[in-house]
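What follows is a single structure, and I will ask about it in a moment.
Going in written order, the chains are labelled A, B, C and D, and every chain counts its residues from 1.
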Amino acid sequence: MNESDDESEPADSTTATAPTTAETACFEAGIKFGTLYHQFAGTPVAPESAPSLARAMEASIENQPHCVDVTVDVRTDVLESELAGSAADYTELTGRFLEVEIVVNYEGREVVTQMAMEDGYPLMKVVSVSGRDADD
Amino acid sequence: MNESDDESEPADSTTATAPTTAETACFEAGIKFGTLYHQFAGTPVAPESAPSLARAMEASIENQPHCVDVTVDVRTDVLESELAGSAADYTELTGRFLEVEIVVNYEGREVVTQMAMEDGYPLMKVVSVSGRDADD
Amino acid sequence: MNESDDESEPADSTTATAPTTAETACFEAGIKFGTLYHQFAGTPVAPESAPSLARAMEASIENQPHCVDVTVDVRTDVLESELAGSAADYTELTGRFLEVEIVVNYEGREVVTQMAMEDGYPLMKVVSVSGRDADD
Amino acid sequence: MNESDDESEPADSTTATAPTTAETACFEAGIKFGTLYHQFAGTPVAPESAPSLARAMEASIENQPHCVDVTVDVRTDVLESELAGSAADYTELTGRFLEVEIVVNYEGREVVTQMAMEDGYPLMKVVSVSGRDADD
């Protein structure tokens, strides 16, 4: 038994290879989510100004490459109930006020992603991938 | 001549005192400008998405205390000519694409401030202060 | 006494004039505070990474014109107690984790400003102005 | 010919399915890159303050889930040459001053990603994926 035999099995599972096209599509979708969240988190927001902010978030992220569609819902009810218990009439945008869906299409692979509250945290996740071929 | 004599004159002019109301109004105006610029600089922007971004910038900053009016003009001509010489169809928002006016009213002192390009840099400045009384 | 008499005095006091040098110094200080807050709010932060973030905030804002000194303290105790009651081991930087002092010197006027929690909100304020002359 | 026949072939390639573990790992890596870029783009930066900013970027992004390692190099030569041709002694952080490597490990899949200038633009890409198993 020689060294190359010893290593052959781990090598199968751990050898670093180039990403598949579908994996790259998911990477692209992640970029859009990180951008959306960290560009706009901290923006002063109130129920009245939330719709214009949501539209600007959608339109700006849709500029990014391979981005097919962005839907931002500001959860006005959560925003209003938080402000009701406060002396201020606006707050800073953060994940618990947001529901977001982003669809990316990269070389035919369509990735649907969402952010919503789960266990008290805004969770970003891939909902589905379609359009894979045999090489993905 | 002793040390306290030496220092007496500078002491007259450098004694730290509380700000006047008009000085506080100018401080408040500066906060709005720093917020607007650094919240939104870096946002992906194209001529088509610029108007929604400008409206969101206005509405979000107007939420801040003492802020009376915010007017954001994205200089679409500059944006278009920069994109014309590039392979991309969007870019990142930065000062050379913006003209901004912010009006703050703090306890009756109205401060008008602007940002526009000057010598190749986006310069923020106080245009005028009104409503001062004898204590300002 | 007629209406025009009634209004003559307010007219005197509301005429818009150029800012004094001390007012401009306060505007400059406000810009630094808005920049610091909205550039860095939302940054992922944990007790271990807080010091490097605080140093970067200080060094980056000190680059801005007329900025003499920036001191950022991340209130690690508040950060730790918030994380203790959570499933996460990091959170987003926001005002309740920060104490900041910024000193600006604009044409000889030194403005000392601070941000600290007051009534549950991070309040930015001018502590003192020194170096004014007769025209301020 | 019935409807199901008509649709059978496109259905094969476009059926949306859950992401593989490796695809989710790539999504996570993309989130880190979007976060890093859009949290810190726009920060005032000079050659002297660049190292502290780079360290803060690394430490803050490493807080995020599944993030194994972040390496940020500010290309000081590019920064210096840009400032040499300018009247300012600082500028805003943007992609052409940065080289970044981010390594994510999600459920055993290690994703190595990089950002560097390519054709005049900062390009984020997946360099390699390792640790896949038969289900990826």
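Rule of thumb we're sticking to: contacts are C-beta pairs under 8 Å (C-beta built on N, C-alpha and C of every residue); 3 or more make two chains touch, one makes a residue touch a chain.
The model shown is predicted, which means the values in this text are computed figures rather than measured ones.
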Self-check item: Chain pair showing more contacts of the two, A-C and A-D
Solution: A-D
Quiz item: Once the Cα atoms of subunit B and subunit C are superposed, what angle does the rotation have, between 0 and 180 degrees and to the nearest 5?
Solution: 175
Quiz item: Hey, how far is the Cα centre of subunit A from the one of subunit D, in Å?
Solution: 13
Exercise. Quick one: report the Å distance separating subunit A from subunit C, using the average Cα coordinate of each chain.
Key: 32
Exercise. Going through subunit D residue by residue, note those that touch at least 2 other chains and give them in order.
Key: 35, 37-39, 42
Quiz prompt | subunit C-facing residues of subunit D, complex | solution = 35, 39-40, 42-46, 48-49, 52-53, 55-57, 59-64, 89-90
Quiz item: Tell me, which parts of subunit A touch subunit D in their complex?
Solution: 13-20, 22-24, 26-39, 110-113, 124-126, 128-133
Quiz item: Mind pulling up the subunit A residues that touch subunit C in the complex?
Solution: 37-38, 41-42, 86-88, 92, 94, 119-121
